[in-house]
């Protein structure tokens, strides 16, 4: 494990050295695009409004509706892209790599959370599950920023996103309860059902399939709704996420500085691993960055819901605050830029940034 | 009545024979368009997700908002179309035919439900009212599919849709309670008010009128919202309808195979009548098909609401499950195609498919 | 004060005389545009549906979502416009004039409400606060109508709108409670916080700032959502406002004919003052009309919320019915047209209508 | 100590479409007011239902506070529609402040 | 006068994700029905929370009316998950009409 | 049999804008928690109202469970704003499980 951890340093080191020459501009422009993009600015507005204790709030039904819209839209777009590009061996490797990453990353997280973080086994397992799984909105924001930087991610990455949601829940539960302690057989079956048929997995894969079947022609009919409106909806959704993230951390009581540090360093570390793996299995630079972002992101929808059922004794004040109030903003504001720069530097080193 | 019922056979017979030569392709392409259209695919996704017991769900406020949007949009578009085309005698005939069909079709339905279906008088009347009235979403979906097949329905059909919502409620109540048994005078007055001023009638006719007043110029201002977004919203709305329809049938206890059969055969029969009448009064092929779909469709919004007030003893487990969980999916997935093919075959036989 | 009040007559007099020659057509066309615009027609539909006691209703979450959308959109557009045009001294004068108008207009209103209106001090103060503050939707509707008349308001007027929301609350409280009676120090501090950080001020100014930072390029990404959809959303929002306004007045018990007269004459008077001030500080005709509309409009969101906290003994049946059910429709349907005509006549008199 | 009096609190679960009929009866027996709460889902003799406002199959909870006498009057006025319309009525004693209002 | 009988009304506040588990237990002890009300926000030992359906951190209130015996059975069946899952259960006597249903 | 203790359940209907003021008082008298339920519509001395969140004219129901002593303290602390702000407070005895929490 240690050699891997030291690669964080490598990763950090890579940024100044490798990117200086050819990729300095890329990184700068990514950072700039991040902070002049309305999408990110609305997120900052949400954070700010909540810190100032404004009563600005988005009705829940609207927020829920927007998240369904965003998932349907990226599923569709991914499916259409795959219908156009066809499927090759990379798709299979990316899916496998995603599933493996989601299942394995919680082990590292669990170790760090128990030792450095000082959490008990139960809470370590619960938090670890969040970091193995993914955040749809982080992914979507990254894809937008990558497109602005002319580094689009491949369409099939949506399927990877869906595939990475759930394996981490299983390993997190194993870590929390011991491999045999995941409850009675019927409970485990219910758990698995919950996990594989949860709303976001079904909607992502379902609309991905619809995109593949309908193809570009079918998509053309609905693209004014699902494509043209996308970024605007993302703005309002991130405004809400900013409000929720900031409000949660202001009322949080359970977060130590050690946990806060983990909530920042773990996504850097996981992101670097993701970029290395993505480059290793031959993804293009945009998809590599997207894969890195998936590894770096932490779930705050599917996994908390599963934990409430399976580990009700674990403290939502810890896992939600870490994933939603620290890691999520850090990823949106800084880490997407870091990961992209790292992917570009590696991709540039191997064979050019496309 | 019997001669009419046998025309179901005629209708069924008409499909293979008349359409074979010239219209085979039309029917095939309609069927194909049905199953590669994102609109229909999202409906299937909803059905599937519910059958798999996924927790996917659309917030009610969003669903309600989408249904208001869809009604405002088709009202507007219809009104603008009439502002462009002007009103002629066909409009009047179509309105009269629609009102007559809505009022009279429950009598046939009531007879079948009481004899073959084995329902009591009360429930037969309640179910019959649903089949005389119309489903806005079925109509909207049909119009989309017809447009893909280059058979657009006339703009004034929206007014026919609105006119057909309520007469069936009156005949259904008469059938359920006896002609004099529709309650006290004040109750009847309240009932009528409810019926003629229910939300969907007011919104459909109101936005139809706005479309006529504003005309193409006024509509241009709002068309990015009401026109460009339309199909996308319809996708998400049908996703929700699929979820609701499938969940209802899974928890249903009251549906016998006889009732299920009626919920499929009645819309075929009513659709055929509608096509015959539409052709008879000289509607173009697209409008004829749309009229057939109106006759075939069963209400699951306005009529259930009225029944809860006027016939609270009738069982929603019967009328909602039949109209929403059997007839509605059957119409969307199969019957729109059948009706269109029949309309084309008749229209082609009379004077060409336009 | 009296010389000012007589200027209402001047204002009324100005309409027939000055506008007859050059501006007759402008006024007529504004009036025409008002009544063929789908935006206004949907408002009328809402009023009508409620008067007929239809059960048409828009879910609250949707209405709230639409109002957030409208504020974000106008904030963004204003910010982008300022990013393009730059800031000059007029911006500062307009902001100062707006703040002064919002703070001072309640004094006149309070006087009229106490004397002619017969209200007690408390309710006079509460109502006066509403008339000093502004209605976002009235402003937005006016901007749409002004654009149809080729008299666009300057982008910075959005900042003026935000600045005018709150000063009136302070003067209204002073009038209601006496200058020292605005409660304990901590209550006053909380009050001020509420007022300056209320949702609409934060969202308007926040998205205004985002528009300035993102500029036209950044806005281009999100313009299909925030620009193309704008008028359509406004239609549905005004439909809801029509329903709410009419339902409220139908169940109102507290409104005398004197209060109704004030609810119509005060916006005429305040609008005229606004146009005079706007012309005086050198705004272009469109911005002058917009400033007049801001002065004429009465708050029905931010101020009622503040009054419930600070003046719970004041009667919402008075202040909400006056501002929402009388002044708001009067402004939308008639006063925007009057104010525009007055601004054009003054602007034309001074130096031509642009 | 705050002075309280005993009143009846009555809660009626009904189809949302029927709420107006219930509140009209509340007004008719001259109870001073009522409050309606939303309901999400439930289950009864007809099996489970979920709030599908699209098909109008949702319910609401009407709550009202009244004197013993008016509460009994309300209950007996509601009785005819209780069974036919599937209402659920519960009623119990509560302490209220400013009891003269009710 | 309308005839009423005394029944227990039980209300259980639970994470929305747990509602199905609660209603399964209600069905298991053969209570005839239940009703779920939405909840907006709250505060307890973990500090305040607001209904953030996005993160699934919302709660619901399950209400059910039953005979004394079934109510006690329900309470004892729920007891194991009451503490571990942070449920809040209150229970009191109410008068109901058509009491034979419960 | 499950052991229960008797506590007071207090429910306060208030303008949503006032909920924070009410819960601050609940915290001040050191009650362990509270829960807020949404309200849809109602009618009182000012006539009927409907939940128009657009104009902020909506209400919420604050429910809290506390010991007799704390409940009385809460009632008397709330009394000054009860009339001026048009609150509706009802209070009754309930059985709770794990009563030591309250």
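Think of it as A, B, C, D, E and F in the order they're written, each chain with its own count starting at 1.
Criterion: contacts are C-beta pairs under 8 Å (C-beta built on N, C-alpha and C of every residue); 3 or more make two chains touch, one makes a residue touch a chain.
Remember, predicted model here, so these are calculated numbers, not experimental data.
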Both-way neighbours, i.e. chains that touch subunit F and touch subunit A: C, E
Most remote chain, CA-based centroid, reference being subunit B: F
Same-residue or different-residue interface between subunit D and subunit F, half as cut-off: different
Geometric centre distance via CA averages, subunit B-subunit A, whole Å: 43
Rounded Å distance, subunit E centre to subunit F centre (Cα mean): 18
Inter-centroid spacing, subunit F versus subunit C (mean Cα positions, whole Å): 36
Overlap residues in subunit E, where contacts from two or more other chains coincide: 37-38, 53, 92
Junction residues of subunit C, two or more chains touched: 59-62, 64, 224, 228-229
Chain pairs in mutual contact under the definition given at the outset: A-B, A-C, A-E, B-C, B-D, C-F, D-E, D-F, E-F
Complex contact set, residues of subunit A against subunit B: 59-62, 64-65, 68-69, 72, 76, 193-194, 197-199, 202-203, 206-207, 209-210, 213-215, 218-219, 221-222, 224-226, 228-229
Residues on subunit F engaged by subunit D in the complex (per definition of touch): 13, 37-45, 59, 61, 72, 75-76, 78-79, 82-83, 88-92
Sites on subunit A touched by subunit C in the complex: 36-39, 41-42, 45, 48-49, 52-62, 224, 228-233, 235-236, 239
Subunit F - residues contacting subunit E, complex: 1-2, 4, 7, 9, 23, 27, 32-38, 60, 65, 92-98, 101
Complex interface listing, subunit A residues touching subunit E: 60-61, 63-64, 67, 240-241, 244, 247, 251-253, 300-301, 304-305, 308-309, 312-313, 315-317, 320, 324
